[in-house]
Amino acid sequence: MAWNLSFAVTGRYHRSVLYSSVIHERFRRPRFRGELPDPDAQFEDVNPLCGDRVRMALTFGNGGIAQARFLGDSCAICTAAADILAEMVHGRAFSEAEKIGVSDLLSRLEADIRPSRIKCVTLPLQVLKGALGQVGSRT
Amino acid sequence: MAWNLSFAVTGRYHRSVLYSSVIHERFRRPRFRGELPDPDAQFEDVNPLCGDRVRMALTFGNGGIAQARFLGDSCAICTAAADILAEMVHGRAFSEAEKIGVSDLLSRLEADIRPSRIKCVTLPLQVLKGALGQVGSRT
Amino acid sequence: MSLALQTRPDFPILERRVNGRPLIYLDSAASSQKPRQVIEAVKLYYERSHANVHRSIHTLGEEATALLETARDSVKEFIGAEHREEIVFTRGTTDAINLVAQAVGRAFAPGDEVIVTEMEHHSNLIPWQILARDRSVKLKAVPIVAEGFLDLDAFDRLFTERTRLVALTHVSNVLGTINPVGKIVARCRRAGSLVLVDGAQAVPHLSVNVARLAPDFYVFSGHKMLGPTGIGVLYGRREVLEGLEPAWGGGEMIKEVWLDRAQWNELPWRFEPGTPPIAPAVGLGAAVEYLGKLGMERVLAHEQELTRLCLDRLGALEEVTLYGPRNPEIKGAVVAFNVKGWHPHDGAALLDQDGIAVRAGHHCAMPLMRKLGIVGTLRASFSVFNTPEEIEVLARSVANLKFQL
Amino acid sequence: MSLALQTRPDFPILERRVNGRPLIYLDSAASSQKPRQVIEAVKLYYERSHANVHRSIHTLGEEATALLETARDSVKEFIGAEHREEIVFTRGTTDAINLVAQAVGRAFAPGDEVIVTEMEHHSNLIPWQILARDRSVKLKAVPIVAEGFLDLDAFDRLFTERTRLVALTHVSNVLGTINPVGKIVARCRRAGSLVLVDGAQAVPHLSVNVARLAPDFYVFSGHKMLGPTGIGVLYGRREVLEGLEPAWGGGEMIKEVWLDRAQWNELPWRFEPGTPPIAPAVGLGAAVEYLGKLGMERVLAHEQELTRLCLDRLGALEEVTLYGPRNPEIKGAVVAFNVKGWHPHDGAALLDQDGIAVRAGHHCAMPLMRKLGIVGTLRASFSVFNTPEEIEVLARSVANLKFQL
């Protein structure tokens, strides 16, 4: 994988693209933020660039994820990504949840994420995979 | 002490100045090179820039240096400096020998020594001082 | 003429526009910009004089060596060291601290103690943690109190007979606190402990005189003081360096080598294994000359004025929390702050839209962040070319953040 | 068009005159000259994009980060590594070897063995001596035979169950010998020993593919391959780096930090504490691009031709002694020699009078000099811009030395 240099030439951005309304909305009013009492799996990790910490908690049922919640004092992009991700896996089969990639998240965020912030998107995904890794040991 | 930058601006030198006839002569036909059997003091050291090794051997008498000889597989400048130095201290009082400085040697060498080679001149001097440092323990 | 007016034409990067706005660079504490004089010195070095140093008999090699060693002399003068042997070129502050930790630490015994502070940059913390791990050395931290000052009573209590070294920053890169280094050095000297001062944030801002301050080690980075990246300085008191065994080896630092052993070279080269960062050192020499010509008293006065203005303007905004001392006279050229409702990263990204470059995050001081109970801050920091107008733009942009909530 | 004709206009330093003569630079093995493309890349970086990397949210910080990381990708491609995590930026070869010695060496027990060779540069010897001193590790050296080849039978005998690491040079900086690194790597892999290859003299001259060669560590310097000073590379196999505890600490290399402990960052940053040499890395990226465009096959062919000519011309002089293999096809771009009646330093000083820059001395290989029974040699070494005519001038000047006796 090569480093994305695309923007480095012009360095031009438009404020409009910086934070999409999706990010804005999800950051201000996240729908899946919160504690999940007695989760079947949970995982947390840290963004090495900023020290932001995100935790994802899941309950299982019907061969899939019954409920998903996240916690974390993180930036708008990371919060929005975590919130959308929790929504995407909530009530889904494990096999579907496992297939979610960065590009899926990026398209749902409806914003160009600059390379310096891409970790803010991948962190929640990484945390989800960590939690899903505990499936084997639980079921 | 500051580093000598004088030449760095022009970088111009004349072949004539590189090796004076004194250096040439002393390098080709050193007068004080050789072993000194049963010396009263001897010392050797190494030029960290090139690994060249010089040894100076002295015999004492009459409150001074009776004989001086040097050995060393070294470059023209270093050999000439060692030879001249041995000559300068040969038959001299300790107090006089101790006063010899780099500038004395440089003026006897009759050449501009470039900063990169100054160690070739100071090494024999350093070795002499080392040998003289043994005077106390001998007399 | 104001310092900013005088110096701005020297900084080519100030011609840049960011997001259509003129660049307002307020991140010099992370890394400063470079004046033309420094950029040109590096360029000319490569175009005219480059060769490897110290062992060359040829003209270019001699020039390169003279340029490198002249840079060392300039640095020596700039920080008021007594001897050129005391100036060791390193890759940066971090590199210098690791060098000291590994060289000095070799002689530490299990149970020996090293004292740091709660406001250290990770670079002045992790090397000591690694030493603690490798040699069972005990690591203690001086707590901070009030607006961000060291608790000197606690320091006295932490200090024991086993204290072998104290490592502290001269100026905090977050709070801006200027620590009472002279006092602490004297205390350590009396008690027979070594002391290392991290001057990364001090040398670009204050007039530092190491002979007067008299620490055992004083370290800083070229890239934070208008110099190139890839170069830093370890000042070590001569008596201390003379007694120190090197921890790293290679060419240059030896006098004679056998397969199974080696004899070390003289100071300062004993601590400079391998081909040095020649061009960066030459550039640092140019930076030091540049700062010297401006005069560090003028630099200090200018940056204090900017700091005062920034504290005033941001302090007047209800939604802003400031960190560190409020008096610019006891503070480096940094102002750390947070804006209610905004994670620092988002704040920085939004300010960038206005062409303003500020730092956001933990500033490599996570333990301090934890102590302050926050994940991070925004941080504006100043250099010779910054203007009061730029601070006003910053304050307006910060004030506008609330309308974007 | 010949490679030299094509490339000479790119090297500004070739316009220099030395002692009134056009510069003939035959000291690239010590440090190469830099093409305009590299000098410009460094300059433009400072004029347009400089800021600190990795933690910046602002535009300049992002650009600087992208430029640094793109340079990493270019280096990765150039040496055929599989993963970008395997490319660790260091200050140079020496720095990289110290990094490995200290990180790997932490896990060595007293009595464990490290094997080097008699032809190593001090940089690939002293770090292992220091490890031997600090951890009671045993250090052995593979002898050389004949014109300067490794004694592979002796290597087999030296290799024991306690052999934890073998460190050897790919190409000798004195003899020019190209060692059978593939064979030795395979041998080490079978026996479970680590192997570090010093590629400082190989990467500028040969087409190196680390994935095919498959050593655990491969190290080299930017300044010897048309790049800036102050930058080098440690290639480490991912599996090996992943299992390695860092020996040096600081900013950048951590993920999370408490006062008493820290969690390491991901590869490759785990091994890059502190602000990296950003501009030198950007310049190295440009150098690698430059060499890549020329094509290393062409570079090799060109330098072999010069080596062949030099061996021929100098070999024809009665007063000249040559060292190392006589076949340029199994030799790097270096020719070491002595002239009867002249100490190498005097020889170099006299050649400098003719504008010719050659190296003189022990070339940081004192044990090899001792083995050869000499104090030093002269050494001519070649790069892309050297011409056959320059070699002819060298040979004439060397022939003239006898008239100055």
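A, B, C and D label the chains in the order they appear, each numbered from 1.
Please note the rule applied: a residue touches a chain if its C-beta (ideal position, glycine included) is under 8 Å from a C-beta of that chain, and two chains touch if they have at least 3 such contacts.
Values in this document were obtained by computation on a predicted structure and should not be read as measured data.
Farthest chain from chain D (centres taken as the mean of C-alpha atoms): A. Inter-chain centre distance (chain A to chain C, centres taken as mean C-alpha positions): 36 Å. Chain B and chain C have centres, each the mean of its CA atoms, that are 44 Å apart. Distance between chain centres (mean CA atoms), chain C to chain D: 30 Å.
Looking at chain C, residues 18-19, 49, 55-57, 59-61, 254, 256, 345, 349, 360-361, 366 sit in touch with two or more other chains. Each of the following residues of chain B touches two or more other chains: 11, 13, 49-51, 117. The complete set of chain-chain contacts reads A-C, A-D, B-C, B-D, C-D. Remark: chain A residues 11-15, 18-19, 27-28, 49-52, 73-77, 117, 120 touch chain C in the complex. Chain contact summary for the complex, chain D toward chain B: residues 18-20, 343-346, 349-350, 352-353, 360-362, 366, 369, 375-376, 405.
On the side of chain C, the complex with chain D involves touching residues 12-13, 16, 18-19, 23, 25, 27, 30-31, 33-34, 38-39, 42-43, 46-52, 55-61, 91-95, 97-98, 102, 106, 116, 118, 121-123, 125-127, 129-130, 132, 134, 139, 141, 221, 223, 228-231, 246-254, 256-262, 273-280, 345, 348-349, 351-352, 356-361, 364, 366-367, 370. Listed in rising order, the residues of chain A touching chain D in the complex are 1-5, 7-8, 11, 13, 46, 48-51, 114-117. Residues 49, 54-57, 59-63, 65-67, 69-70, 72-73, 84, 254-256, 263, 265-266, 269 of chain D touch chain A in their complex.
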